[in-house]
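Below, chain A partners chain B and then partners chain C, in two separate complexes.
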Partner chain A sequence: MSPFQKFQEWHQNRHQYAQEWKARTGGKVLGYFCTYVPEEILYAADVLPVRILGSHEPEDVTEPHIFAMFCPFCRDCLAQGLKGRFDYLDGIMISQSCLHIRQAFWSWQLHIPTSFSYYLPMPHHVQSPRAQDYLRGELAQFKGAVEGWTGRTLTDADLDRGMEIMNTNRRLMKQVYELRKAPNPPLVGADAMEMVLSSQMTDKREHNQELAALLEKLPQQKRDGDPPVRLMIIGSEDDDVAFIKMAESLGAVFVSDDHCTGTRYFWNEALPQEDRLMAIAQRYLDRTPCPTKDWPERRRFQQILRLAKEYGVQGALLIQQKFCDPHESDIPQLARLLKENGIPSYFLEFDMTVPLGPFRTRVEAFLETLREEDLF
Partner chain B sequence: MATAVEYWRWTESRWTAPDVDWRAGKVITAGVDVGSVSTQAVIVVDGKLYAYSSMRTGSDSPQSAQKAMDWATEGTGMTIDNVRYVVGTGYGRVNVPFANRTITEIACHARGANFIYGPSVRTVLDMGGQDCKAIRCDEKGKVSSFLMNDKCAAGTGRGMEVFADLLAVPIEDVGSLSLSVAEEPPPVSSTCVVFAKTEATGLLRAGWPKNRVVAAYCSAMAHRVVTLLERIGVEAEFAITGGISKNVGIVRRIEKELGVKALEPGLDAQLAGGLGAALFAYALAARAAS
Partner chain C sequence: MAETTDVMRWQTKPLECWRLAKEIREQYYRNYAQAREKGGLRWVGGAWSFGAIPCGLGDDVYGLTSEPYGATIAFNKDLALECQEAAEKYGFARDLCSYMRNYWGSVLLNKYAWGGPFPKPDFVWQDHICCSHAKWYQVVSELEGGIPYFCIDVAVGPYHERTDSRVEYMVGQMHDGIQWLEKITGRRYDDEKLIEAVKNEIRCTSLWAEICTLNKAVPAPLDEKSMYSLYVHLVLNRYTPEVVSFYQTLRDEVKDRVANQIAACPTERCRLMTDTQPPWAFLKIFRYMESYGAVSIGSLYTYGLMGIYDDQPDGSWGAKVTPMERGVAIKTRDQALRAYAEWTLAKPLWQHFYNPALKSRMMARLAREWQVNGVLLHYNRGCEGLSIGIAENRLALLKEGFPVMPFEGNMGDEREFDDTRVMSRIDTFMETLGLRKLY
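Take a look at the complex of A and B:
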């Protein structure tokens, strides 16, 4: 089985994977709601962090628990819990990001009790000079809570191990992304998305092995045929592989992204320093921010532009989960910035399920505007 | 038993250029626009319009495409074998069995509008059977940007069919009837077809005459598509394509709200998609030959 098939299998059978991991290791599994969760500390404690994501099926269980104008992603996540699909979890946690996903977390905590539940007050003003000390203090408290839950003291060596596991995963995925710079990349956007998604649901030590194996073979692989139109996809949480596949069936390839299921998740590493918790705090403060934390300076925009240029992006799809105000507020300015830099973009609003037919027409028409068409 | 009158039923049509001998032409191409409500087959001989048909789309897209093509060529002696290149477009574009290529209706409408209205068109509003598209294009009819309405059939042909039936007014008369009001009524508050129908039923019950009810609906529809146009920005010249372009009640209200006159079509603007497809087919056939 090729590594990409393995990633796909892990993504599709994420619950089975976690249950088998638990049976095999006797360890605890923790479900997390946002990628600002410091997984380093969980790996240090040999807890398996798995990201809670939706399943893209219509659901009817969250209506009493989540406001109608909250995003479909947070509803889909909560639905998984209410349907009992994560009933193997020993704990849950969230780092403060937006109030929609936080509502999913609070509701989960209320209705699906677990032995551990943690709310980590990740600061919004990550650009503040006080943010580092604040977050370091919060991480120290969180570490204490994990120690209390698991009954083991976390040493510097444990934290180093946690950071090494996470950093290796980040480094290897970045190396895979590097290959997407090729005129006809050896991997498509759907492969890349499955790779990152599976890294959020499996033991990263195992994931790292697959990545290393992949990196031995992938650089030699060549794709035949005309180079496809190079797209970047930018916006809210997005694990809609069906959409990516549909768009890539139209003669396009996604070569990069700005998603928390993509580059925002793994692009930067925790840099070693004596104070381990400070190293971890700085990593999360310096990562490509979610728009909830991207102020007063818009740091995400510069990262997007850098990626778009480095990866030779011809056009960008700007997507947002319906009602995701932080992303929506950024989109007009982002579209303008891309346009000023010669990159046309097209906006799409995502829901729990997307209408593939109408979206296909839009993406196809957008691609027609990008191609040097033989029609005129 | 009395036969129910189908007020929603619009006239299907076909046409052949009386002064063109297709056998003398060098390159015959066709465009087939299988929309959600109507299907058009358009035949072009050496880049000039030769024949077309416009009919209702059935439940079977390949069959609708075939029927439209058969009707367009009826009585001409032309068969599909005489057609060098066919482009399929519209929602059913992948279901045109004899198409050589598919191109989106967005690109085709811009190209078709460029042919129908001339190269000065910069903004095209396609009001189709089940969706609306606001398109910006250049002097060649190449799309520079576009927007489509989301998740709702408001401001579309299907909605108008529902209203024609509710009010028992033939669909082709709806537009002019809506303009016969002495004073413009407030628009219906909901543009969702089903809820607007509920609201209209209430207005009828409250004693509103039909022309006032239909004016309230047309006004709401026009406002809705104007917001779509404003999002993309309207640059003159402005033209409307698709079935609703024939509804004078909607067109006049859009013009009024935008403060921009829509160009008058020299041809049935419902053909724009199929025509654009046939013209693209002509360009592609020429390219293949060279």
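Take a look at the complex of A and C:
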């Protein structure tokens, strides 16, 4: 039995999990649309935050609501709501990020009413010294809204608990990632992706227990055979486990990533300080940014380079959801930077459904160039 | 609308201030190009950037705003294609903002739309509400060899939900920006010049709202295609006294046209409105619709890109009373920046970034008060910022009872505009409105 089986089950049965959690605890479940949502405050209120992700089925219900030039991911997310797959949600929220995903939130708000709906105007200028006070103020307002919704006052002790749950989850997943530095890592990219995805869909207290158990077992896991080609995957939202498995079936292993379903989600912690809301604000301002918030300096690029070096990356796949403007604005410069640093990269554009056959050929060709194989 | 064959013809005549509008525009682009020859400075930034702020550096500081520049290129199909291909060759996706690609291509080719090489800016002064804004100039700064870059985040939520903290965030960034301007230029900042420029901008954007409100009249004194040439100063140099004076002249002329029933379209019998930027290389669609007697009286885009509105005592929509008219003191740097932030946050075209329902309400109001018979929605592949929520706007307008014709295109990339198909759709839409071609 794979030590990642529980994570896989959670990922595959996310709706069943949330419904059972709700029945078991009597608590509220909130669907969120972007990883800038301060889950600490939701955990403080004993609300279960679950990320709304797509299902990788062809688009068939969103055309009247979102113009087709917007990314397939935002349309796929909305489709889940329109098809009634998240009927158990008590509330939804978004923390201001890209324009695309906002539309999924709005159309959901308009057509699938819930008892709680919140738009948190997360700053974009996260590098500005003015962003701290501003975001702290917004978090205070959000905390008040959650208090009104749940009917309970959130104390510092509640916020401490929320931060501790989140920080533990981040710390443990980072420890698992650390093991990917090994020459023949005890986990593959698909395992890592399902671990992170399931953390966005389950009660992190349970997830943390499973992570602790995993860390007991994982260092003893050995993989036989030649060390595979070490890849990094970089880009916009990506929960396409099938693609990762396909690429890893070709003699490669993903050892790191820059995704909001990966390191961008959990890499840094909320550092304790007297003002709890300021601690939470600082955490979201300091996290590895989404490209839409990565300006004027390109801080994400520096983090990508650090990870690539620390994890011994031989090549990078740059993937992007079709029409994702923030990533499209970054990719040419990022590819140049990686090249300057001796890391070859290859670009792939993702849609709701990924054509595994053609992509297999392209990834194979990239791996051949990395291995410097003779073709004949 | 009932089909009409015997069409009443309104009196019409060209706008007297048309030539002046063209001259001011040409002078703007010349000033930017020639700034260095006069020892001045050049800045670049978006049409929504707080252009009044660099005015405090002196009278010899000239800006070049990117969206109108991208539209200027779009109007020249050959240059636009050259620019787009240069951006694509560099590695940028062809579905990115088409103004941005035109602009980047112009820099990469080192070709200025008004002739000669692209005049290198001294610094970037930008604002950010659309995902492309900050990224646009991050790339420009790099392509220009690392020129200094400052950007103000204005995405603080809709006007009706503004709080002191949200306004403070914007004002704080403005203060930081002024310190940054002093540092990178080595110049001493003049608050008096800032105050005057802020007041000019507020006057201009209020005057434009007044002009657009006059277009409620039947027949409409202005048509939207002409308005594109008139509103442009608001996205170029609205903070100058010349532009205030221009809009006062235009306002007076439009008032006169209303009083004398002088129409933009002599055969006006159907009033339309559009949405988002037009496909600049295909403005002929407006004249084509006029062949049916249908005039586009404007749009939330044309009216609200820069015009600032408010509820009037009679419940209608009209120009917002300026802080100067309300007696708000604007005597210090902080007062000027605060008034500037508060005023700008009311911009109609900033509201839909937080909820399409806010835009739908304004569009329906515009359609009612301006007596619109039908709506053309440009599903603009070239601008994600103004196209977000457009599908929900369509549903809302239909629910309000307005006939709606969506058409897909691109404001700046003609490769994404199907000329024949759009014309054919217009024919069908006109027929559904009960109109027949007059000529």
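Note that in this section the second predicted complex is superposed on the first by the 369 of 376 C-alpha atoms of A that agree within 3 Å, B and C clash if a C-alpha of one lies under 4 Å from a C-alpha of the other, contacts with A are read in each partner's own complex, and residues count from 1 in each chain.
The working rule: a residue touches a chain if its C-beta (ideal position, glycine included) is under 8 Å from a C-beta of that chain, and two chains touch if they have at least 3 such contacts.
Quick caveat: nothing in here was measured; it's all calculated off a predicted structure.
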Chain C versus chain B on the shared chain A, clash or fit after superposition: fit
Contacts of A:Gly148 with chain B and chain C, given as first, second, both or neither: neither
First, second, both or neither for A:Ala335, with chain B first and chain C second: second
First, second, both or neither for A:Pro64, with chain B first and chain C second: second
Touching partner for A:Pro227 - first (chain B), second (chain C), both, neither: neither
Chain B, chain C and vertex chain A (Cα centres) - angle in steps of 10°: 80
First (chain B), second (chain C), both or neither touched by A:Pro129: second
Touched partner set for A:Arg298, first chain B, second chain C, both or neither: second
More chain A residues in contact - chain B or chain C: C
Superposition-derived minimum Cα distance between chain C and chain B (Å): 5
Chain A residues within the chain C interface of the complex: 63-67, 69-70, 96, 98-100, 102-103, 106-107, 110, 119, 121, 123-125, 128-131, 133-134, 137-138, 141, 291-292, 295-296, 298, 322-323, 325-326, 328-333, 335
Touching residues on chain C, where the partner in the complex is chain A: 90-93, 95-97, 128, 130-132, 134-136, 138-139, 141-142, 149-153, 155-157, 163, 165-166, 168-169, 172-173, 176, 353-357, 379, 381, 384-385, 387-392, 395
Touching residues (chain side chain B, partner chain A) in the complex: 91, 103-107, 111, 131, 140-146, 148, 150-151, 280, 283-284, 287
Partner chain B, residues of chain A touching it in the complex: 344, 349, 355, 357-358, 361-362, 364-365, 368-369, 373-376
